[in-house]
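In what comes next, chain A is part of two complexes: it sits with chain B in the first one and with chain C in the second one.
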Partner chain A sequence: MKLLEINNLHTYFETKRGLIKAVNGVTLSLEEGRTLGIVGESGSGKSQTAMSILKLFEKNQKIYEGEIKFMGKNISDSTAKEMSHIRGNDISMIFQEPMTSLNPIFTVNRQISEVLRLHQGMSKKEAEEQSIKMLESVKIANPQRVNKSYPFELSGGMRQRVMIAMALACKPKLLIADEPTTALDVTIQAQILRLMNDLKAETGTSIIFITHDLGVINQMADDVAVMYCGQVVETAPVDKIFQKSEYIHPYTEGLLTSIPRLDSDPKKRLDAIPGAVPHPLNLPKGCKFAPRCKYATDKCRNEEPELKAVSPDHNIRCFFPVKRGDK
Partner chain B sequence: MIKYSIKRIFSLIPVIFAISIILFGLNKIMPGDPVNMMIPTSAKPEQKEQLRKEITEQLGLDKSLPEQYIAWVSNVAKGDLGYSTWKNDDVKNVIADPLKNTVILNFFVLLLALSISILAGIRSAIKKNSIIDQFWQVFSLVCMSVPTFFIGLCLVYIFALTLKWLPSNGMPADLNNIGQWVRYMILPVLTLTITSLAGTIRYVRNAMLDALSQDYIRTARSKGLSEKVVVYSHAFRNALIPIVTVVIAQISTLFSGSMITEAVFVWNGLGQVLLTALNRRDGFLVIAMNMFYAIVYLASNFIADITYALVDPRIKLD
Partner chain C sequence: MENNKDMLISINNLKKYFPLKKSSFLQKEKLYVKANDGITINIHRGETFGLVGESGCGKSTMGRVLLQLYPQTQGNTVYYGRTIYEYKPAYVAKFLKNLPSHVSKLKSLQEKASKITETEDVHNFAADDADRVYHQLAHLAGGLIYSKDLSKAGQLLYEEYQAGCKVVEAAANMETDSAAKAAYEQAVEKQEELRRQLDKLRSDCEQNEAFLKAEKLWDHGIDLGLLSKEELRILRQDIQIIFQDPYSSLNPRLTVGQLISEPLVGHKKFKKGSQELEDYVIEIMEKCGLDRYFIHRYPHQFSGGQRQRIGIARALALNPKFIVCDEAVSALDVSIQSQILNLLQDLKQKENLTYLFISHDLSVVKYISDRIGVMYLGNMVESAPSERIFENPLHPYTEALLNAIPTTDVHNKELQILEGDIPSPVNPPKGCKFHTRCKFAFDKCKECTPDWVEVEPNHFVACHLRTK
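The block that comes next holds the complex of A and B.
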């Protein structure tokens, strides 16, 4: 069953200089019990897509068009009250900055208990016991002590574990992880990723995993959505992206070839996609990637391609998808 | 924390002694002679010499400075703050009433200014750039730029002279009549409140804006907490840390009084006493009052340190 379906979502920021189309027609879906990885450069709209699901908006930001179906129900026009019932309860989120995402002046216990008391109606004591259990489940060595600690007394990895414990406290159906390991060093990152995979296997929670790191996607995701300029340019199961498909989007190809490898020739220059993500107020006509694409034609520069299936579970937004192996 | 508090209190003792020596010394350097002020102008020249000698001896001013200082300190330790040459009375008696008046007046000012600035500051921060926010921004800018006495005079013009609702100045004739107290206090309280509001509203607003833009606020929202809990519990508790500084700084003004406002409204407070005492070269009175201010200042710094530790768990006192 589809847990989440996003159809043609448009989320814009209203600014003095014009509309910033952060999410510009995103279509995505997530099956229950699976992990969807969303990849893309900074500014590609991946975080804003996640924020749109929970409607965690700035004052000048709103959904202009499209729908978000969660368990069959459209939640894109929910009221604040309906949203606060979904947030932290059915859908939770963890963020990139474990150092600043926890409130510095409340204890871990207070911050985890808060969700339990709000959504599950637990008493203070029940919530405290459950909070310690949650800390145990994220493999924190001394849950009693950590439960009484303040965030500043914990390391970055520990804080991210606390964030995960807090997010999973109400057994949500969906966990959105917005670059949860970007701010951590590699060894801690590996631990956190393993922990998330273990917890997913235990609880069956679906995950949307946002990252710019394709290596992490390879470890975590079942399905992948590649985003560029507020649009999804390619969706496929993870193995198709990394090796098994016949075709691939030129942008995905660029991302894959720009991963530095330990075994590559140190004298050779790293591949990189030329240019930068266009400014959201000044998007190119036609295909958004055309100005940076080495295969672009006049058609690409003037007409915008649609997301089209190249095989049953593989969609590409490109007129001329690159055929693998004939570079 | 208790251990720290005790240590801090003991460390204040030498500071207080140092201040007392400096104040005593400054007072002696000050030009002018209190004895001159006490000799009636009607006295004949030869009588004047005689009187001067008598008064000087009586006040102990003929002794050396260290001797005078030691005599003064030991008197203070016994609870005797010295003799006021201006009122011909013990300093204690001279200060008692004005101190009471000043504290009463400023207590209400502090209460009003704090509650208004916290409420208005939070609202301005939530509704940034709205009409309410802009109103308070302009209000605080105007009130910060206009001198206190002018605000006082404007209020007198409106409420006392034009509308004739309130007395323009003075103290209640019947000191036990609460209604009268209120009538006489409204205008000076309003004047001082407006002046102190101006700065604190901006301070609270900025502290709240800062707190509201932090990542943990986004986390709090993602947990499904209501906007009220997010603002008043998660954001305000964090904004409180910088706000405490301003609040504590205002405690010392609670006692020091405001010379200008007291002068405009002829309010018998400490500000007025200090001004007159200085003009009359009333040494003991000046020292006693300055000592008092110094101690209030030290105490409020001490309270600030303790309060910081209470509102911010990251601050550890030891």
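The block that comes next holds the complex of A and C.
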């Protein structure tokens, strides 16, 4: 069953200089119990897509078009009150920087209990017990002590564990993780990724995992959506993105070849994608990637391609998807 | 010992401790954050030395101590990009003229140090002091610190140093003045004569192990730790740094042109506002992939990747020999990251640069480096040529680090987990600092600090498992 369906979502910022189309026609879907990985560079709209699901908006930000269906119900036009029932209860979110997303002046206990008391109506005491249980479940070595600590007393990895415990406190159906390991060291990142995978297997929570790191996507995701300039340019199961498909979007290909890899030849020059992501107020006509694409033709520069299926579970937004060599 | 000729920077027992404020008035012991705790490496001309490790392991501190942006607490940093004859730092004359008193100071320090090992006082620097002074003297005087007639040795060395300075001066004059040739030949002859006298003095010394060891250290490198502030400022045209964050490392009130010309004017290479300066700035900008019409723009008008190019252009402007790249690509998006890596590689070849490339991203470090050093809690735990580190990691920490990187290989998804957090650098574990997280740790690891051993050519490791 589809847990989440996003159809043609447009989220814009109104600024003095014009409309910033942060999310510009995103269509995505997530099956229950799976992990959807969203990759893209900064400014590709991956975080704004996540924020749109929870309607965590700036004052000048609004959904202009499109719908978000969560468990069959459209939540894109829900009121603030309805949203606050969903947030933290059915859908919760983990952010990149655990220090800034935890409140520095409250103990861990108070912050986890808050969610439990609000959504589950627990008493102070019940909430405290549950809070310790949650800390245990995220494999914190000394949950009693950590429960009484303030965020500044914890290391980065511990803080992220606390964030995960808090996000999972109400057993949400969907967990959105926005670059949860980007600020962490590789060894700590590996711990957190393993923990998230273990918890997913235990609780069956679906995950939307947002990152710019293709290696992390390979670890975590079942399905992948590649975003560029507020649009989804490619969706496919993870294996197809990294290896097993006949076709690939030129941008995805560029991302894969431009990163230095542990098994790549160090003497070879990197196949960098030229140029930079266009400014959101000044998006190119036609395909958004055309100015940086080495395969671009006049058609690409004038007409905008649609997201089209190249095989049943593989969609590409490109007139001329790149045929993969024998790999 | 490696050949000193192709060495650019040599670091010996480098320590950088940051003192902590006393938490209470009654606290007796003074506490330090041991950011660098005894690092010994050499960086060769034209190579890229990659430095990896988790955050807080002291890799950035090391980069900055190399440039003496932080004064080092202990140890020696010797720079071979210029000789003392060319650069004439003030400390050389001071040391050579008073050689006897310096050597007696060294002896008293060594004596003090030998007593301390018995009582095991950890917070006493006597052993480090002795080692530092020994290296300072040995670099200048070699085995002659053991000479019986120290004042004569000092005098001769000083004369030889002055003669050497004259040779360099005369050689420089020769390019403009053909008459200077005679002066040059005379200076060379004088230097050779003095060197013969020094050789004689050396043959009088006892040819024991200590003498030969000190003799090997004798070279003409510049000890950065002994330079004055002004001398360092001038020398920094040779050694530059590119910072991680292109947003905070550029002054928002200066235009690109002003940012790049600032070091050039500061080092009196060009006159402020001159046409030559502008031409040169444009040349540098184009070398770094910045269009010439950007010259009057401010940093906020650029994207992250272009700002990093400005940072690189500014570092390159003075024709440095050595650049510390401190997480230079970490803040950039993947597609921009590869552009900057390519640029750094191209510039290295064109300008014959040497890099110290600091990053936490092992795949980037592997791509760009010739040799890699792995750091943990202020110590170097392993260093080897780039491929060897990946083919044959010998330290358990290096192995754990390699296995924790997520790859895009669909067949090999299992990450190996290194449990636990990095211990505090204020109070690091005794013995091998990694033993608290190491799955192979045995009793010895908890007690003794492992030695830095060369297990195969150019492959150093500090681990008890490899030195049994």
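The rule is simple: the second predicted complex is superposed on the first by the 324 of 327 C-alpha atoms of A that agree within 3 Å, B and C clash if a C-alpha of one lies under 4 Å from a C-alpha of the other, contacts with A are read in each partner's own complex, and residues count from 1 in each chain.
Going forward, a contact is a pair of C-beta atoms (placed from the backbone, for glycine too) under 8 Å apart; a residue touches a chain by one contact, two chains touch by 3 or more.
Since the structure is predicted, the reported quantities are computational estimates derived from the model, not experimental observations.
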First (chain B), second (chain C), both or neither touched by A:Glu97: first
Pick one for A:Ser42: touches chain B only (first), chain C only (second), both, or neither. second
In the overlay, work out which of chain B or chain C sits against more residues of chain A. C
Which partner chains sit in contact with A:Asn89 here, chain B, chain C, both or neither? Use first/second/both/neither. first
On the A-aligned overlay, A:Glu114 touches which partner chain: chain B = first, chain C = second, or both, or neither? first
Of the partners chain B and chain C, which touch A:Ser258 in the superposed model: first, second, both, neither? second
Examine A:Lys125 and indicate which partner it touches, taking first as chain B and second as chain C; both and neither are also allowed. neither
Of all residues in chain C, those that touch chain A in their complex: 54-55, 303, 305-306, 333-339, 341-342, 345, 360, 362-364, 366-368, 386-387, 390, 400-410, 413, 415-419, 421-422
Listed in rising order, chain B residues that touch chain A in their complex are 214-216, 218-227, 234, 237-238, 241, 311-314
Chain A - residues contacting chain C, complex: 41-42, 155, 157-158, 185-191, 193-194, 212-216, 218-219, 238-239, 242-244, 254-256, 258-264, 266, 269-274, 276-277, 292
Residue numbers on chain A that touch chain B, as the complex places them: 54, 56, 80, 83-89, 92-93, 95, 97, 100-107, 114-115, 118-119, 150, 152, 163, 166
